[in-house]
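In the two complexes below, chain A is the common chain; its partner is chain B in one and chain C in the other.
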Partner chain A sequence: MSLAVRYALLAAAVLIAALLSLVIGPRSDVGLGNILHLLFVDDGSLARSTVVDLRLPRTLVAGLVGANLALAGLALQAVTRNPLASESILGINQGAALGVAIAVTVPSLMIVNLDVMAIIGAIAAGFLTFTIAGGLTGRLDSIRLVLAGVTVGAFSFACVRFTFTLEDNLSRLVLSWVSADISAVRLAQAGPLALWAALGLAASLLLAQGFNILSLGDGASQGLGVDPRRTRFLGALLAAILTGASVAAAGPVMFVGLVVPHLCRLWFGQNHRHLIPAVALGGAGLVLLADAMSKLVRFPYETPLGTICALIGAPYFLIAAIRARRMA
Partner chain B sequence: MSLSLIRAAAAAVALSATAILAAPATALEIEHDLGKTEVPDAPKRIVVLEYSFVDSLAAVGVAPVGIADDDKRDSIVPAYSEVIGDTWKSVGTRKSPSLEIIASLQPDLIIADTSRHEAIYGALSEIAPTIVFDSLTGTYEVALKAAETIAHAVGKDAEMAARLDEHRKKMEGFKAGIGDVSDLSIQFLIDNGRGIYLHSPVSYNGSLLAWFGFKSNMPAPDGHTYPEAIVQTSLEQLSEIDPQIILRGKYVDPGLIDSWVGLPLYDNLTAVKSGQVVDVAAHEWSRLRGIIASEVSGANLVDVMRQLRD
Partner chain C sequence: MTGTATVALRRHRDRRALLLIGGAAVLTLLAALWSLGVGAVAIPVDVIVNTLFNLDGEKQTYIIMRSRLPRIVLALMAGGALALSGTIIQAVIRNPLASPGIIGINSGAALFAVGMTILLPTVPQTWLPLAASLGGLTAAGIVMLVAHRRLLSAAHLALIGVAVGFVFESGVDYFLITSSDAERSAPLIWLTGSLWGRTWDHVGMSLAPLAVLAGMAMVLAYRLDLITLGEATATGLGLDVGRQRLIMLSVATLLASVSVAVVGVMGFIGLMAPHIARHLIGGGHRLLLPLAMLVGMLLVTLADGVGRAIAPPIEVSAGILSALIGAPFFVYVMLTTASEQET
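And then the complex of A and B:
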């Protein structure tokens, strides 16, 4: 199958998932039959308002968060040359959640806004993980990296969990962040995310050749005149920014950054130049599908997006782990 | 000494020993949500872990020594502090009260919530006899029943019977003041700035509003768990439920709802179009339950309905 056909198929899947995310909801006057009409024709009806004001922002946020997190996961796996690396395994997701939790519980510590707090949390956690694992300059040991990530993640999440014991209302606020509840997002939140996703995609494509060279090993990389440290640093920074922006908009959605690059490698091969657009599309598709499911599980009430993603991601992680053992 | 005399003396000793051992058995056995517990006669040092238990004690003029007041003393509203004074010690949050502080108060009775404190029931029971009632997810009727049992446990049966008589008269008065509302649908909700949470028909507020005769458009869930009693809801779902009157308790200002003003879906809600969105005190309505709390809500509702009808 040619590359173009595979991209087209993946894009079609994303469109179908987006349509599902738009069509499913408690109001019965929005359906598959009239969704396109409602999207593009302002007939002044409440159904139109439902689609444009409530469901569309949510669909956009779900898709963009998916794309961002998948790209972040891919960058981390390239940088660490470790297929297990992802935002949640390296503690970056949890660090971003801690940034948000601090801002919500102690408003006086808030720097600029929640986006910035989440990005600071993500960068700090990523920096800590990489430092424990041997730093960006030295040799990154796979086991040490994963252990460091688990440590940083566990510590960050323990701090987030501490806020659950605080007063009801505060803990409910933090919980709705941590479980990635996007039921009340508005169009204004999709704008910055789209910007980050566009920048992230462009930066990933610029780094693609560097990622490819990194996969050959540090020696080969230096032999080709590419400084592996620079690519590593830029890749890790990109991952932290994309994760932080996503967490600020939706909360820590786990497993997307792990599952999507894995699946895409099976279908698109190892070349990052081919992988990057596929991973962005795949991430969007997966989270859109999870969003549609989050509205169905307890219909007409909702299950937070983060819960659904974890339900999809955890079994996949198990399969990957079993396969990895067989390969060893 | 003859053998019979020794026998008689031994019997006397045994008898008095039994009497001493049996002394606690004269204590009350209270049946509650997590079993039966022996409670000493007229306990003096009581620790309560939910606001509704403060309500029950205040209704019969008993002051607890410790309250899980979420570390905010003003969460104990004047309606309570006028009766119980201001000498209680805070034992932390309702969600995770400090066992250490509770123990340091040397209580002889602890009153806890079924869903919140089931996990620490054992630890609480080691500190003092602990009785447990469903405050968080119980209905108005459940709250009244718990109040009666609590009054029994603290030896205030007569006072509670008189108070409940007075309560019923007051509530009938409020009901008359509210008038016939059987064709009006109403919904109480909480807005915390990030989400809105509807108190469903199986919640305390849902059942209280039903007691006053209001309708609810919200489908009644099957169970009584927390997510079934307090249901997070989107604007889209609210537009489907579309109550005629919305009672709104805001924990932050501006709330999430304020950001919806101008959206056709919000502006076309029946309650919004007819100007029947009424702000009520979030803390009183959503956290306080019981005899005194329901009277406060009742008086509040009379005012609200008078305003809406004018």
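And then the complex of A and C:
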């Protein structure tokens, strides 16, 4: 199958997932038959405003968050040469969550806005994890990296949990946000996310060659005249920024960055130039499907997106961890 | 070395060990006494003593006897149990990174306990230790099965444990999120490892099992010494390694699970206490087990007391505090063991 056909199939799958995410819901007057009409024609009906004001923002945010997180995961796996790496395993997700939790609890500590706080948290957590595991020098012990990341994550989450105990109203807010409940997002939140996704995609594509060379090993990389440290630094920074932006908008969605690059590698091979667009599409598709499921699991009640992703991703991580013997 | 010198040395070591154990016991008692006094209502020491020993003078019977004393007794029990569990697990797996939390016991116990509270609300709470034990055994069973079938490095075993923990935790999250606000609040506080709102009932339902299990742990001390020598040596010395390992891990799992059932998830105590105790007293389990138990008691009592003392009337969960101290400790252990393995 040629590359173009595979991309087209994947894009079609993403569109179907997006339609599902738009159509599924407790209203009976929104269905596959009239969804396009409702989206593009303003007939002033309640169904129209449900689709445009409530469901569309959520679908957009789900897709964009998925793309961002998947790209971040791919960058981290390339940078660490570790198939288990991803933003939730390395504690970056939880660090971003801590940044947001601090900003929400102590507004006077807020720097610029929530996005920036989340990105600062993500960078700090990533830096800590990499430092513990041996720095960006290339002698990264793969299992130690994961354990360091999990510990940094546990530490950050203990701090986030601490904010639960401060005040009841705050705890409800933080809890719904930690479980990545995106049912109340606004259209305005999709704009910045789209910008980050576009920048992330472009930056990833620029780094693709570097990622490919990095996968050959540090020696080969230096032999080809590419400084591996530079690619590593830029890749990790990119991952932290994409994660921070997503977490600020939707909360810490776990495991997307782990699962999507793995699945895409099976279908698109190891070349990062081909992989990057596929991973962005795949991430969007997976989270859109998870969003659709989040409305179906306990219909008509909703289950937050983060919970669905954790239920899918955690068993996958276990299988990957068991099979990780070869890499160690 | 001559016989008398050996005996003298052993006597010296025993005396030092007894001093350490006595010192730890005194410290734990002092910490418990201090912890009785702190909180939303600060109570001076003389009032505490008056209340405890029913002396004349000012008393605070309600707060101390109904609220603080049971939770401190529980803190002592849970801390001791987690520490014993961690000591046994580290000996059996011969892995300094191992602890009840890291091989998934905490999450397994938490899932079954939360599941029971939410799915079977009519079942009395006294069944919680049983449900938690089942969960702990399930999680530990999965981890040990994987570890048994492939010879794993210390770090890789920890990785599998973490992954199993993630699976069970995602289940816990699902239960919490899908339950109503009222059902959720109790398990939520409980899950962060809080001793808030504990009564004598909790003490009653866990005291007997924990006491029996602690006794079993002490009986296992000599066999734990043997098993740390390695499988071949232990077998050569007449130990049925496979069977003993199963018994030891079951005791350790049950100790941790029952304590999770009553105080919730308190990570890293089972990691820190054995390390601190081993650093003080060395590897012989006859002395290590009691000292580790005391250290565990001290840590949890302090975590609980400090959590109440930081900003009364707000309480910071003991589990959160122990994670804040324990996570850096885990990193420290990981870094030092990794450098040992390299040399």
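Following the convention adopted for this analysis, the second predicted complex is superposed on the first by the 319 of 328 C-alpha atoms of A that agree within 3 Å, B and C clash if a C-alpha of one lies under 4 Å from a C-alpha of the other, contacts with A are read in each partner's own complex, and residues count from 1 in each chain.
Rule of thumb we're sticking to: contacts are C-beta pairs under 8 Å (C-beta built on N, C-alpha and C of every residue); 3 or more make two chains touch, one makes a residue touch a chain.
Everything quoted here is computed from the prediction, not taken from an experiment.
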Judging by the criteria at the top, classify the pair chain B and chain C on chain A as clash or fit.
clash
Just to be sure I read the superposition right, which of the two partners does A:P315 touch: chain B = first, chain C = second, or both, or neither?
second
Name the contact category of A:S49: first (chain B only), second (chain C only), both, or neither.
first
Does the superposition put A:R161 against chain B (first), chain C (second), both, or neither?
second
Which partner chains sit in contact with A:H37 here, chain B, chain C, both or neither? Use first/second/both/neither.
neither
Please work out whether A:S179 is in contact with chain B alone, chain C alone, both, or neither, and reply first, second, both or neither.
second
Which superposed partner A:A148 touches (first chain B, second chain C, both, neither):
second
In the superposed arrangement, does A:T307 touch chain B (first), chain C (second), both or neither?
second
Mind telling me which of the two, chain B or chain C, contacts the most residues of chain A?
C
What stretch of chain C clashes with chain B when the complexes are fitted on chain A: 63-71, 81-89 or 225-233?
63-71
Shared chain A contacts, counted only where both chain B and chain C touch the same residue:
164-166, 172, 301
Give the list of chain A residues in touch with chain B in this complex.
25-27, 44, 46, 48-50, 53-55, 164-169, 171-173, 176-177, 181, 183-184, 186, 300-302
Taking the touch rule as given, give the residues of chain B at its contact with chain A in the complex, in rising order.
70-72, 93-96, 192-195, 231-237, 239-240, 251, 256, 259, 263-265, 268, 287
Under the definition above, what is the set of chain A residues touching chain C in their complex?
84, 132, 141, 143-144, 146-148, 150-152, 154-155, 158-159, 161-162, 164-166, 172, 175, 179, 298, 301, 303-304, 306-307, 310-311, 313-315, 317-318, 320-322, 324-325, 328
Going by the contact rule at the top, pick out the chain C residues touching chain A in the complex.
97, 146, 150, 152-153, 155-156, 158-160, 162-164, 166-167, 169-171, 173-174, 177-178, 181, 188, 192, 267, 314-317, 319-320, 323-324, 327-328, 330-331, 334-335, 338
